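The two complexes that follow have subunit A in common; it is paired with subunit B in the first and with subunit C in the second.
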Partner chain A sequence: MENTHTINVAKEFSKYPGGRYLADGDCSGERFRNEFLVPALRAHPSVRVNLDGTLGYGSSFLEEAFGGLVREAGFMSKDLDRSLILETNNETLGYTIRRYIAEAKAGKATHR
Partner chain B sequence: MGSRRRKKDCPVKSSQFQQTRSVKDRRRSHNVFVAKDRMKRRKASIVNKAKKLAQNYIFEELIRDPITGLLPYRIQAPERFTIGDAISRARLLIFLEEIRHTVLIEERSVFIDFSKTKKMIADGTLLFYAEIHRLIQVTRPRQLIRCSYPKDKIVEQVLQHVKVFEVLGKRERMVVVHDTVRHWHSQTGTKHQGEKIEAIRKFYEGNITEDQDPSKLYNGISEAMTNCRHAYPDPESLQLWGVEGDARWWMFSHEFKGVLWVTMYDLGIGIPASLVSGRKWSVEQLKRWLSNLGLGSTDGNLINIAFQQGSSVTNEAYRGKGLPEVQEVLRQHGRGILRVYSGRGYYQYNAETGLVQSGDFIQPICGTMISWNIPVQDQVIKSE
Partner chain C sequence: MQTFQALAPIVAWLLVIGGWILVRHDNNARENRHELRSKIDDMIKDIQELEISTHEYYMANADDKTPLAQVAIKRKQTSLEKRVNRLKTSSVGFQDLKTISDYRNELTGGDFEQLDRRAKDSSNKKMMEISLAASALIDYLESEYERLYIKKPVKKP
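So, the complex of A and B:
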């Protein structure tokens, strides 16, 4: 088993991610979490997510995909800090995802 | 002598007689000509009237409802299609209410007369398009709404270009060339469809500067699209006068002088209702509490609260990011204007000045309309 598994969102999932729940569309955060993030995190000690190459990310998608790992899939935010590596040229994007994970753990409101 | 005179006189008299006859003949022939001409004109006029009657008859037969046999109810479209000013908004909403009532309650066909329409602005046009699109969907396969061609050529180009004619089954006869029309782009869908955002980017390729971050456009539209989907939280919200619809959104985009306008609309429950959805209290109770606290209790104020709090259709704290996200995109950009209409309320945010305005109109709209602009060309940012 390789130590780090890489997921390239644009190549493996979609260039157009968006929406929160499965009902919102085919490229929703819930689908990405259930079909890509959760299986990869359960099978590998660390997962590298390459976020570049898409047209963008709506906050609903990001919150459900990454915040949902703590809230819905039962991962600990402390563990995700270690096991989840975010690869992106956009610093704000990485920071936003980390915030969603941390706030989902704390269970506090993430809206502004 | 006397006979000679008579003989002499005779030719004179004869020529006078002949002269008199020829004048009379000429007059008679002239009168005959005039009478014939009059007859010809009368005949032409009768033929024209008959042709017109036949044309009207054929036209009426074409637009006559095949089931009820009734002629459609003629409704005059307003002069201006916009919801941004009180008078035009009232006229447009009364016009739409008349169409809805005739089609859904009376189940009678309508004929929209666009002859007096002179100005079509994106917000009012999108509202009209969405309402017509949904009415056509719920009354299918009956074609209950038809329309005339507008007198104004630009209005005709708009109606053709944004697919109103396509929805109403009207033949498209114009070449869309006008600068203020050809850069309009219309989309509709029921889910989050990122490919449609890409289609907008491709449509404006060449007008959008390459080094502009495409995620700014994508993130805003993506969240607005998701928000529209969540505007129909239960099966009841999908119903229009008891007829089942779908969780649909409609979108217009419009690029003009380096600024891209995006307008999205849904026919869902609206922001004021979404604030109390899933809670024990009603919109009226919420307004009363706000009023008691000395805060504004209008729909406009509720939209303002939705932006401040990020509240949404559920009580879940992690949700309700849609509205603030769009505003955040503009705030980060430092430019652009955001406008939201829902129920009676409106909300406006100017990213350059940070100024927020909200208020109420008299007539409410169904659902929520969100409209924002972003500069898409560097030179515009520099020159302005």
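So, the complex of A and C:
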């Protein structure tokens, strides 16, 4: 898709993403959301996030980074369904992220 | 009579070939079943070990071993996910992703990797939820295997 901005988490952010908040370290979900996801989603009609190549993701990181797009940054879940493309060889990872986005929309942030 | 004599060897060979195909099919099905059973047994063992190591993680305060413990949990969790995903693509069963996603959420959601995380005691609800999610995942794997390979007895009317 043209005008799709790609973020490769391992190459551009960290191979060791971890932690939920800024206070938890430089590779937190909050930092990834604020410095990578939000600017990209505001500047481009679609954003592809390549999730492979890291040491793994804790759900706390994923929920803060992606669920936080709805809960903290004000994005609409239905807009993210169109504009956010998740690229990974781990189907459960993609499913889980979509779930966090949907649950944040419904105010079901049960992961705090 | 002559027709019978001409056809008999052909029929005999067809029966031999048909029998060979049937036996080969049965052998392959048996091999696949054993292989799947072995994979599930390995996954169950890993789920149980991960349950224990995650309990230990949450019951301990952060120290210099914590980062490595966190990495180990994430790696094992990811490995399990990918193995369950491979079952999904290689067989008609195992299509549900919610159970493995719930398991991941209980292990590494909440305050996982938070610097201000405090040790929980063994009766904390978090410990129960981790165990519940592990049990649910094991039940799911076993029930899918059973659905695929164990024939239910036919109920008499």
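Simple rule for what comes next: the second predicted complex is superposed on the first by the 106 of 112 C-alpha atoms of A that agree within 3 Å, B and C clash if a C-alpha of one lies under 4 Å from a C-alpha of the other, contacts with A are read in each partner's own complex, and residues count from 1 in each chain.
We take it that a contact is a pair of C-beta atoms (placed from the backbone, for glycine too) under 8 Å apart; a residue touches a chain by one contact, two chains touch by 3 or more.
Predicted, not measured: the structure shown is a model, and the values here were computed from it.
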On the A-aligned overlay, A:19 touches which partner chain: subunit B = first, subunit C = second, or both, or neither?
both
Is A:104 touching anything from subunit B or subunit C once the two structures are fitted on A? First, second, both or neither.
first
Between subunit B (first) and subunit C (second), which, if any, makes contact with A:57: first, second, both or neither?
both
Touch test for A:71: subunit B only (first), subunit C only (second), both, or neither?
first
So in the superposed three-chain picture, is A:95 touching just subunit B, just subunit C, both, or none of them (first/second/both/neither)?
second
What residues on subunit A does subunit C touch that subunit B touches too?
16, 18-20, 23-25, 55-61, 63, 90, 111-112
The residues of subunit C that touch subunit A in their complex are 70-71, 73-75, 77-78, 81-82, 84-85, 88, 97-98, 100-101, 104-105, 107-116
Subunit A - residues contacting subunit C, complex
16, 18-21, 23-25, 55-61, 63, 89-93, 95-96, 99, 111-112
Listed in rising order, the residues of subunit B that touch subunit A in the complex are 191-195, 197-198, 201, 214-219, 222-223, 225-226, 229-230, 309-311, 317-322, 324-325, 328
Taking the complex as given, what residues does subunit A use to touch subunit B?
14-20, 23-28, 55-61, 63, 67, 71, 90, 103-104, 107-112
